[in-house]
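Per-chain residue numbering starts at 1, and chain names A, B, C and D are given in the order in which the chains are listed.
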Amino acid sequence: MMPVRSRRRQIPLALVLGLALTSLFVVLALVSFIWTPYDVTKLDVANRMQLPSAAHWLGTDNIGRDILAMIMVGTRTSIAVALVAVGVGVGLGLPLGLLAASRHGSLLDEAIMRSNDLVFAFPSLVIAILITAAFGPSAFNAILAIGIFNIPVFARLSRSAALSLWQLDYLRFAQTAGKGVARISLEHILPNILNILIVQMTIQFSLGILAESGLSYIGLGVQPPTPSLGRMLADNRTLTALAPHLTLIPGMAIVLIVLGLNLLGDGLRDLTDPKLARQR
Amino acid sequence: MRRIFALQFPTRTLAASLMLAGASLGMAQAQTSATIGMQLEPPHLDPTAGAAAAIDEVVYANVFEGLTRYRSDGSVAPALAESWDISDDGLTYTFHLHAGVTFHDGSALNAEDVKFSLDRARAEDSTNAQKALFAGIEAVEAVDDTTVKVTLSAPDGAFVTKMAWGDAVILAPESVEQAATAPVGSGPFKFDRWVRGDRVELVRNPDYWGDAVALESATFKFISDPNAAFAAVMAGDIDAFPGYPAPETLAAFEADPRFDVVVGSTEGETILSTNNKAEALSDVRVREAIAHAINRQEIIDGAMFGFGTPIGTHFAPHNPDYVDLTGQSNYDPERSKELLKAAGYENGLTLTLKLPPPSYARRGGEIVAAQLRAVGIETEISNLEWAQWLEQVFRGKDFDLTIVSHTEPMDINIYARPGYYFQYDKAEFQDLMKALDVEADPAKRSALLKQAQKMIADDYVNGYLFQLARAGVVNAKLKGLWQNAPTQANDLTAVHWQ
Amino acid sequence: MSLLDFQGLEVAIRGQTILRPLNFQIQPGEIYGLVGESGSGKSMTALAAMGLLPNGSQTRGKIELEGQDLLALPERRMRNLRGKALGMIFQEPMTALNPVQPVGQQVAETLLVHGVSSKREAMDRAGDRLERVGLAGDKTGLARFPHELSGGQRQRVCIAMAIALRPKLLIADEPTTALDVSTQAQILELLKELVEDEGMALMLITHDLAVVAQMAQRVAVMNQGEIVEQGRTEDVFCQQSHPYTRRLFAASTHKPARAAKVEERPVLAVEGLSHAYPKTRPHPFAPRPSFQAVDAISFQLRQGESLGLVGESGCGKSTLSRLILGLEPRQQGNLSLDDQSLAPGEALGRRLRRSLQVVFQDPAGSFNPRHRVERIVAEPFHLLDKRPSDWRARVEKALLAVGLSAEDRHKFPHEFSGGQRQRIAIARALIIRPKIIVLDEAVSALDVSIRATILDLLADLQREYGLAYLFISHDLSVVEAIADRVMVMRAGQIVEHGPTADVMGNPQHPYTRALLAAVPRIPDHLRPPAQTEQSS
Amino acid sequence: MLAFLTARLLTMIASLLVASLVIFIMLDLVPGDPASLMLGLNATPEALAALREQLGLDGPWPQRYLAWIAGLLRGDFGLSYTYRVPVSGLIIERLAISLPLALYALGLTVVIAFPVGMIAAATRRSWGDVSIMGLTQLGIAMPNFWFAIQLQVLFALVLRWLPAGSFPGWQDGLWPALTALTLPAIALALPQASILARVMRSSVLETLHQDYMRSARAKGLSAAGALVKHGLRNALIPVLTILGLQFAFLLAGAIIIENVFYLSGLGNLVFKAISQRDLIVVRSCVMVLVFAVIAVNTLVDLTYGLVDPRLRKH
């Protein structure tokens, strides 16, 4: 005899954990607008590389800045960069994908998809380095470099999702009701692909945070004095063996944010797509 | 919070295990070769066709030799030229070369090669990065195989020193084409191979004309990432890292008996370069305000972890003619604020601060920015690569402030060039330098140099931060490397294992 | 002793009862029909016998195979019986085969799993079995992949797989539902032959009474997890002692009472309509070949009339419907709608579209799941210049007209059953009072009892509003029930066209004749006297 | 099949042409003069002009583009501005490190991801599955360079099991070369393996629900037998796509990892070349990387044909 399972729809554990972690960091980032334990630009060379203490909860970095304050503001920076980069990807990729799907099989569709493939074929990190080499390292260029590679992701995703919807009868009906392609895309397709878009957005968002940290690590991301989690790693990387907390703390912060977002994405997918939830 | 204290343990265990491992590592070492770490890889190996310090750091005194050479204390000694005579009017230098010197390919090095090298460097289409060194030469004549006569257009007290530069080494006309990729020189080491991006290998030149060297072979290994440099030295992959890029980790090496930490001076005056033609900065009060806003010791501690000597003018402190002017621009934020107020900037001032890649600039820049902010000057920092820095700052003069180390020796004369990137244009100073150029009397030269130092300090041309220290980590058993860096070189001629 | 004996079988999945105590026996060599509508539990019964119930199922009672209780067997021993003593084939031949393995191997695997022969021998026997089910059993036949076969051929492979070891019982779960009628007839014939030749028993699960009538010696009627009636086929069919059985019978032979007035004036006329699809090039520089999906079709649809269009899958009927609906630009041929003629390529304007609406097959895919019924039904108002101010009242009225309540307009489509959803679709098509409704397989996905009510509704609406229907279906019996005239389509062409009674009663074209012959019917001797009267 | 091959090949060539144009134009827009970088702070304008001419930096761009393409077709990638040696030699030298590293990491990825993904799928919703999936989430969330530094400190500096970096070359034998690449390969592979294991798991789960799995069970196969004999090959199709993308990523994306372990791979070459404005090297390297990605994608497409007979026809 097999055990009987309850039929109650469970809220995925991943969702709860992901939401908790994500909101923790979002709150940290938001609080940093009005309060940080210390001014992030305040140096205190005499008290540098301190271990966590009552005065500095997470210690101080190699030029004596408060690590907690830097984590708070750095989280804010990382989130902002990743958010805008995802925005760029969705803002351009989604319309392109919808357009391609609505003209499925046309030359336009082909052109959009081929250019997507082409962007995918370029090594993203190299292009990011080139962009910053051309225009100088800055938050804006980091966003640009990360955002460009988000465009084909969303274009492809929204195209394939929209294509499968275009097979459905209610879209055919909308056409017989005299509605144009643009209107159908907005009224019928967009709301129905929103859930997978949101899931992909959380994934790209977390990838954006990782990418920003990577770019900042090689000095091409957000510029000082604005703290970013990646630059904290870069600034203190030589001290990994000597004062491990200097890189462990920002490193763990990145891991936790990305983990939170990935879990959130997974949880959302399970919640919005019961078919997948059963399999997972 | 408790948890994070536990993170400290790896540090202690690390130090302990490193000590244990040290002994066995020393045993395994092949005692006739040495691996020297360098942060930057040379783009090519022809010192007469490029400015990159890394070229000289590999080939100077090892592969290539000039008529004269620097010694580690900064003095100039004979090299290929055994001796030289100077005519009374100071215009004609007659160099007497060592007899029997051969290039690595076996061909003889004679006066014709010297003439060729000097003529090539000063030719119209020369790509020599320091062409100015040769500007004063009017003619070069090979008198016989071992005698070269150089005629100058005007007396030049520093001519023998100029010939000691890496840019003035002697090459043979038949091998000059390959100097960039497979250099053929006359030095104690022969070029063996270059694994690009990784290392250059040299082997002993058995036919060397001078004193034989102890090392049979030497490898220069290029590691740009400071963290990787740390790991490589710690792991014993590198025997010596003379220009060690991570001063913050030197404490760990000092505590470890396997290593010696060598701190010497360099010719690198690290300055907060100021665009003297920029709107606000053309006002000497603003420049003085900046000077007083800077806490040099904090920068040295914060950016260089204590390695560096404060300077108050553009001159190396180890030079006998150095004048300590640091007191004139002491840390005095209150004075800064007054000066700014007087200049009309009591409500603040925003300046750009463009930083090239080295850590003294990047880290120092953050600290300088914080110090300036404390007196009411906001800075917009942008980190630039060297290429961008050259484009925007050096050539484009599109900057307010930048931090850079001027590593050429005795380069105070750059203040006499009105078109130089910091755009200091003062006739008196230019006259001073002209006088210096033609002055051969050491006492008078010294007086002129001191006057020049004071003049630029009085004008607060740039913010003078510190003399770049040359901190190196060396295997405790490896001896004979230079402590100081009067010129950019890793002279291996005296290096040996204990 | 019976071959398979269900003794009080009960199944619950995650606490929900699926099967109530079932008791029935299958004798060796007989064909036993299990008939019922969707959700009646007939597939679960089969899976229970195979020991393949989904995870989380609880069983009670016994299923004895020659006296051995299958439910009590450990999985290892059960595995030995599957494929060897019990074979099973499923409804979807398109997906029931591994797409990446040649069919020969898949058949041979049944033999190999049970270790009854070497690899070589297994392939030989797989060839024999494939030949036995009517497929080439030679080397090329064995090496073919499922995608190279038609649906009917794939079902034959499935059968070959199931009978490779000559099981004592073959369970066939809706084996022909996904197939065209002519293929269905062949597969049923094959199954019948196999039972006779191999001496095995067949448990035939189907929703189609006519199929059972033709095939089974004994039959059980299932409803909501229960067997409501069982016995010899003649007894069950003729006596119909249980009310559910009677309802099922009535529905499956139901003909709606139709009394619409057919006017002479055509509301839709099609003249020489043709359409070709491009195919992929055989090589990059070759000219692009094309496939003629619709080939010079002409017909007229008059006001108040029901015109049936029948054809098997791939005959071009859905392309035709797309062309008429303006979902695909017309390449050739004129379309005139409401006395206005449109040249090829000319699009239907909003005004013309008002007279033409559509109801599709899939009740699940017909609605935007995020819209409420109110918004769904109101969508065709887009064709008017402005949404009428009393649009809510009109939506309510349309819902009432199709037998739903006014309150239903606040619900979402997933809150309705399949039949109710089809009513919503009809309400939506009705709302702007079109002249024509295209019913594209509109009742094909529905159970017979629901289908009957929808057909009645359609007939009522036609009478009330004077609608013209273009009724597209693969199912001859449905078309027969509702259409005044019928067109038979094959390979893009109309092969026969005429009044329904003429075409059905006296088919001229050989294809029509073959088609009619293949449709399973309940023989007259299996009909109760009362029912014969009722249907005439 | 032949038609399919030629079509794929033509698409590939067209993509490469477009890519080359994009690369060329993009790099032409990058400011920074290699000549002035090489000659430094005190260079005279004449010296700069002389060097610029020597390097072939003058002339209209279409002419330079065509010259470049013509060179590429002949296998002549030009001379590096800074190193003054043929670019092709530089790239080949670097590929001798990057390619083995990428393959090593890819091998590790597969070796870890396949069994882990399958075990997780087979035991889905068990504690084993949940913890495996949790770990893969962690693996994905870690910045790989940060992870690399931790690995380096632990295994090279503290435990001294493996070298901290550098690559001795292949001439000293396989073993030293492999040990040198082990830490970087692990650092590269772990996040990728985490991704692949998740794909593997969901792909296997997807096939578990297919009708043919039920058919297989009805034949008498056990659940595990059906999974291995029928599920795996079908599950492999999405996995292959990801694997192709990952190989391309590993080849080009190792820049930061190469920095940490001071390996002079292809990424390192590009990175340095960009900062030195050795654009001829950058151009060719990017072209090689794009070629690799497109070639791998084409290869993956062709492999589909092997795995999935449905695609063989077209």
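Keep in mind that, in the parts below, a residue touches a chain if its C-beta (ideal position, glycine included) is under 8 Å from a C-beta of that chain, and two chains touch if they have at least 3 such contacts.
Source: prediction; values computed, not measured.
S.K.: Considering A-C alongside A-B, which chain pair is linked by more C-beta pairs in contact?
M.R.: Of A-B and A-C, it is A-B that has more C-beta pairs in contact.
S.K.: Could you work out how far the Cα centre of subunit A sits from that of subunit B, in whole Å?
M.R.: Roughly 44 Å separates the two chain centres.
S.K.: What is the distance in Å between the mean C-alpha positions of subunit C and subunit D?
M.R.: About 50 Å, centre to centre.
S.K.: Using the average of all C-alpha atoms in each chain as its centre, how far is it in Å between subunit B and subunit D?
M.R.: Comparing mean C-alpha positions, subunit D is 39 Å from subunit B.
S.K.: Show the residues in subunit C shared as contacts by 2 or more other chains, in ascending order.
M.R.: Counting only residues that touch two or more other chains, subunit C contributes none.
S.K.: Going by the touch rule set out above, which residues of subunit D reach two or more other chains?
M.R.: Touching at least two other chains: 31-32, 149, 153, 157, 259, 275.
S.K.: Got the subunit B residues that touch at least 2 other chains?
M.R.: Answer for subunit B, listing residues that touch two or more other chains: 10, 14, 227, 229, 234, 357, 385, 387-388.
S.K.: Going by the touch rule stated at the top, which chains touch which?
M.R.: A-B, A-C, A-D, B-D, C-D
S.K.: Subunit A touches which residues of subunit D in the complex?
M.R.: Listed in rising order, the residues of subunit D that touch subunit A are 15, 18-19, 22, 26-27, 29-32, 124, 137-138, 140-143, 145-146, 149-150, 153, 157, 202, 205-206, 208-209, 245, 248, 251-253, 255-256, 259, 267, 270-271, 274-275, 282, 285-286, 289-290, 293-294, 297.
S.K.: Touching subunit D in the complex: which residues of subunit C?
M.R.: 50, 52, 75, 79-84, 87-88, 90, 92, 95-102, 109-110, 113-114, 145, 147, 158, 161-162, 280-284
S.K.: Which bits of subunit A are touching subunit C when the two form their complex?
M.R.: Residues 1-7, 167-170, 172-179, 187-188, 191-192.
S.K.: Considering only the defined contacts, which subunit B positions touch subunit D in the complex?
M.R.: Per the touch definition, subunit B meets subunit D at residues 10, 13-14, 17-18, 21, 41, 43-44, 50-52, 124-132, 180-181, 195-198, 221-225, 227-229, 231-232, 234-235, 237, 357, 385-388, 390-391, 394-395, 408.
S.K.: Please output the residues of subunit A touching subunit B within their complex, sorted ascending.
M.R.: Residue list for subunit A touching subunit B: 41-43, 45-46, 48, 51-52, 57-59, 62-64, 133, 136-138, 219, 223-225, 235, 237-245, 248-249.
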